[in-house]
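Both of the next two complexes hold chain A, though its partner changes from chain B to chain C.
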Partner chain A sequence: MRLYPFDLVEPDTLPAALDALSPLDGEARLVAGGTALVPMIRLGLVKPDRVISLHRLPELAEVRRDGGTLQLGAMARLADIDTAPTVREGWPLLAEAARRVATPAIRVSGTIGGNLCYAEAASDPAPALLCLEAEVRVAGAAGGRTVPVVDFFRGFYETALAPGEIVTAIRVPATPAGARSGYVKFTSRSAEDRPLVGVAALVVRDSSGRWDDVRIGLGGVAPTPIRAPRAEAVLRGEAPGDATLRAAAEAAAREAEPLSDLMGSADYRREMIRVWVRRLLTSLRDGARSA
Partner chain B sequence: MPAYRVIGTSPARADAWEKVRGRPIYAGDLAVAGMLHGRIVRSPYASARIARLDTRAARALPGVIAVLTAADVPRNELRMELPGRMAEATAGAVLATQPALAADRVRFQGEPVVAIAAETPEIAAGAADLVEVEYEELPGVYDPLAALDPSAPRVHDGGNVLRRWHLRTGDVARGFSEAAVVVEHTYRTPFVDHVYLETETGLGWIDAEGVLVLRVSTQVLEHYRDVAEILQLPHGRVRLEGTYLGGGFGGKEDVTVECLLGLLVWKTRRPVQLVFSREESFIGHGKRHPYVMRYRTGATRDGTLTAVEAELVSDSGAYAALSPWVLLYSLVTATGPYRVPHVKVDATTVYTNNPVASAYRCFGSIQTCLAYEGQMDALAATLAMDSLALREKNFLRKGDALATGQVLETEPRLSETMRRAWAGLGEPRSPRRPTRIGRAVAASFTPYGRMCWTRDSASAWVGMELDGTAVVRCAAPDVGGGQTSSLCAITAEVLGLDVAQVVAVGRDSHFTPRAGTTTATRQLLMSGNAVLNAAREVRHHLLAAAAALLEAAPGDVELADGHAFVRGAPGRALTMASVVKGAIAEGRPVQALEKYDAPSAPTIDPLTGQGKAFNDYTFGTHAIEVEVDEETGRTRVSRFVACFDAGRVINRASAEGQLEGGAVQGLGYALMEEIALENGVSKNPHLVDYRIPTSLDVPPIETLLLESGDGLGPFGAKGLGEPAMTPSIAAVANAVSSAVGARVTQLPITAERVRAALGSPA
Partner chain C sequence: MKLELTLNGRPCVTEAPGHWTVLDLLRDGLNLMGTKYGCGEGVCGTCTVLADGRPIRACLVLAAHVRGRALVTVEGLERDGRLDPLQTSFAERGAAQCGFCTPGMLLAAKALLAQNPAPTVDDVREALAGNLCRCTGYTKIVDAVLAAAPGAR
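After this line comes the complex of A and B, so read on.
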């Protein structure tokens, strides 16, 4: 495999990485696992003059419980997240979504930070992180800031990152006590394809069996991964009967803004949202999945 | 069945360990000192005039050695001709040619325009960016049916019809008047790619004798002639060295890198490596032809076929390549493995500005299988008849004639392959909503070996070494199907050796006896028989030498386990080394160069298709179970059984591997593969959006091999390479049709299409 030539920079510290990223003539790109950037360079979609590898910054690769929250370094590989007992026990929704990304070969290379930084509409972990209300920790020359994941995705392949900023970590609050959650990935072609529709959901029942906390994240159905607030509103405080679940799925289909591509048409995507939101919620109600 | 020691077993293939250990056995693995790197500039347009071409800036880039255009090609015309007497069969057809580098007009996206050689791949890529080409887009035609309209833009001066073939037997009007039911459907298939692991690759240099040597991943070592013609060199001045291939499937049957690489080496006088990227491979090499097939099939109330009328149109893309011959395979197989008294088939292949279509495993006989087997299930549904019983009623038997008039001289065993495949699916399962289950079969017949009138021939040399081991020399490219190891197994069987005591050295256009192409499922038939003949000749001499040494009659001597011994007296034995030395001492030959000539026949009648097109066929059935999610339309193949009459199994693991590979490649074609084109330009020239099946998409595949011993190959073997794939797409389409209760007639059978076929949600 051959790429267009570029300067490769391998900083040992975060400040050095930020320096390398600071304005210069031409385009600089960060590389973590390379599973997104390398194909883009090969296809000529980006032609960076400088590529800055973050692989010498081990502090960015941590997967660690900090009190009730989960601290993920931006360089944590999807396979690390999927297989870490801490994540599987405390954040099963995230582990499940990470496990559905592409193939094992991709998961041992691709990172959680890289996955988010492309605002890939068909990301598998993003809908899960939206449901878990995670926050993205960003470093810049002027200091750090924190952006909720829901605000991190701005548009088609566009994030809230300003030029010169680096995502350093993802902070995931505790999964609510008693929550049931799950992720379904529907591929229309081969099994390891990107999702035509990905649905993550997390629900918490109150003592009367009503759902008082409902969160739904969708991938592949809009220019970016999205929450489905209208669908959530249909369910919140309600007993999850079949008709209610159907109405929520319908609301999700309506609030999505699907595009047509080679995986399927916009109309078909909308219909698949209806099917998979309803199926996932039904399985959560019936106890097939739980936290 | 005779007792074999080697034939039918699964000795590890010579190349297997090399491959799994990642040893450098492929064309792209080798580098030589001082080698340059090639790069091809290709047209981004499907139909355009080259208004201006300026290579000065590219040539001025330091490290660039050559920037070649059409003006640099001594004879810029690649001819598509098959050996043999094709002229009478192609009367009226245009002579199919294609430039090595486009001169003033480009006819498809990806057509080579400029060839570059530079000191590094990066410099070559930089030079490619500096080549200035000004294109004036021209009207193009992108649909084969639209291309038939006389007012459509012309791809070539002679018009858009490349070739028509016709098949006529009986009186089709009478056949339909005798029919109680008639089913009519139109079937459509897309452009698909071979997606071999190894893209097109080669390394070339000029040797000490001034011979241009090309070490290339190719199915056809005879392309040295094409390179020589392009360069206007005597044919003997170009040599092709074959390597193990990382897959071919017909995609490396036409010229790929050969001429461009030869041109760069010859012009620079330096070694050059040329490797196509995956994206280049997608737009650069020939595809499988899309077909539109309108079928009418008539039958009596009891299910006896009375008539088939079919109109086949295939999209040849921008150049002819092998399209006329692919279409001929479609013609011959159009009515399937059935007795049909009244037949009318009109087949046309048409130029468009789409990618060039050419050879791909099954070579035109898979598209027709989708149609004729779809028709059989449609007919069974209309007649409310069991579809297996319907097939059985009409299957060809020994002594029956194909629609071409060719009489089958051996029993096809179609019923046995179908019943065994069907039984392999096991007990029916009851579906649970939203899953629907569909089961179906598709039976098939596929030629192995070339068309009879090509007078196909292969040569091979077998010789003994002083240590009692044997060497095979035969220029048969090994595409990954185990061709080389099978030649060793045949030799070992005949000479009483272990497979490990036989080595096949090299596959080379000039150093090893010519064996022809590894295409058309011909290598076991052709090279296998040539090796068998040579090994038998050597055996004859070894037996004579051993008989003299053992003081026995040659008829009483047996060769086994690396020894010669007197039958019934195992104590009277000699090592093979002693026999060889004894033979040499007596002046007996211990080597032989032999050939095998396939039976020949006159060309078929181009207006009626009557005659003997192929010497023999391989028959077999796929039985498939699918699970269809009725809410999503997603199909999962849950069971897959393949049953074929292999004639005789040479290497069991290789034969089973062919059946498995054919099944998987067919699943991709049936369910997910399609080159998405917009006005001739590919929207998915990469594996991100051209998906092929992965391990998660493939169910366990049960392979059942019958051994009738009726084939024309060694020990009665037939060919399996292409036949193994033929019924796959029809079986999937029929199984999905059965699950959804509507005919599925268009590939790929995507979830969205199936969802639409299912109608509104329940």
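After this line comes the complex of A and C, so read on.
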């Protein structure tokens, strides 16, 4: 089945891409890898008159370390993020989450910018980027701005982007020294599904074994990917025993606002948050995973 | 829109409307029917082809995005009239029944073996996770890929 016919525009500079996006005649959409947009067009959920491709902007595809910061161009492919030695060594949490997206062929085409802009609650990379406190660089006709990932997700499939804006890069601060981190993805039907519940966590212990930095990110459990501040507060300053870990998992389950869908009911999701938050935190405590 | 690419090892210059996907280009533009249309949503994997050696979903990728790249479809697996070892292995081990998933399976497996000549069962299952088969139950497909691996004992 063919796609609803649109005009394809392939600018080769960022200003030209911003220009192509700005006219108000008809609906314009950006396309990166197309793994989210093409099914939306095919299903008739969007009917753009103009599709503006970002694939001729090589500066948007870079994956590089800049001092302590990781610079990910918006067009960096998930497969390249997963396999880049820079990312695996310096930001193993992000590499692990990127590797869990869908299947190899989707990761070869799908980009990190497209993943964030699609703003699906059940994103695998988003909880990791929330834990790593990444920032989104945005370009618009009026200039650039930076939005912390935590403020980027505004609602169900909704981002902080204004009409005419393009995400150019994601900046990820250094993983804290000595951090332990991990991502777990629970799917109820098949390994390559979107996460029913995805949990990313990063903890830093002080010399006495207390967790002085605790970050938990959740996917699939609310209208957007979220941090779990109440669960983090239960753990901060603690050298957590099993009961404390269970209390943190309970807090995460309570602060989530899960929806019911074909993969699972809201109640089942809440129960799976309890299970997977506890399991991941236990493995981080016991040193089964490390960064 | 004009498109220049390498298709199954040969230069290819063609035309396609901007809203065409790689699958539209292959089946309707170039009359190569080996690549199948299953779901159109990236889920089933039967439209899998290789772009610069890596698997892509032909139903999701815009034709414009393979400009200048090297595409391989199932028609390009055979060399000088000889089947690829994967194709022979699939045929000998009964890894194809109705055959609808087979082109995608072969190309996903081809990409795996190019990158990992001695995969484990888990490696094969992971590489083929996005390729659905409603007939075989997968066991023979996994066996066939393992048997065709150049690094297999």
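What to note about this one:
In this text, the second predicted complex is superposed on the first by the 290 of 291 C-alpha atoms of A that agree within 3 Å, B and C clash if a C-alpha of one lies under 4 Å from a C-alpha of the other, contacts with A are read in each partner's own complex, and residues count from 1 in each chain.
Throughout what follows, a contact is a pair of C-beta atoms (placed from the backbone, for glycine too) under 8 Å apart; a residue touches a chain by one contact, two chains touch by 3 or more.
Since the structure is predicted, the reported quantities are computational estimates derived from the model, not experimental observations.
Under the clash rule set out above, the superposition-derived model of chain A with chain B and chain C contains a clash between the two partners. By the touch criterion defined above, A:51 reaches chain C but does not reach chain B. In the superposition on chain A, no contact is made by A:160 with either chain B or chain C. In the superposed model, A:31 makes contact with chain C only, not with chain B. With both structures placed on the common chain, the touch criterion links A:262 to chain B but leaves chain C unconnected.
In the superposed model, A:39 lies in contact with both chain B and chain C.
In the superposed model, A:79 lies in contact with chain C only, and not with chain B.
By the touch criterion stated above, A:191 is placed in contact with chain B and with chain C alike. More residues of chain A are touched by C (comparison of chain B with chain C). When the shared chain is aligned, no partner comes close enough to touch A:147: not chain B, not chain C.
In the superposition on chain A, A:103 contacts both chain B and chain C.
Where the contact sets of chain A with chain B and with chain C meet, they give residues 2, 4-5, 39, 42-43, 103, 190-192. For chain C in complex with chain A, the touching residues are 1, 17-21, 24, 37, 40-42, 45, 48, 51, 54-57, 59-62, 64-65, 108, 111, 126-127, 129-131. Put simply, chain B touches chain A in their complex at residues 121-122, 125, 277, 279, 631-632, 634, 671-672, 676, 683-684, 686, 688-689, 691-694, 696-697, 750-752, 755, 761. Residues 2, 4-5, 39, 42-43, 103, 186, 188-193, 196, 262, 264-265, 268, 271-272, 275 of chain A are the ones touching chain B in the complex. Against chain C, the residues of chain A that register as touching in their complex are 1-8, 10, 31, 33-35, 38-39, 42-43, 51, 53, 55, 79, 102-106, 108-109, 190-192.
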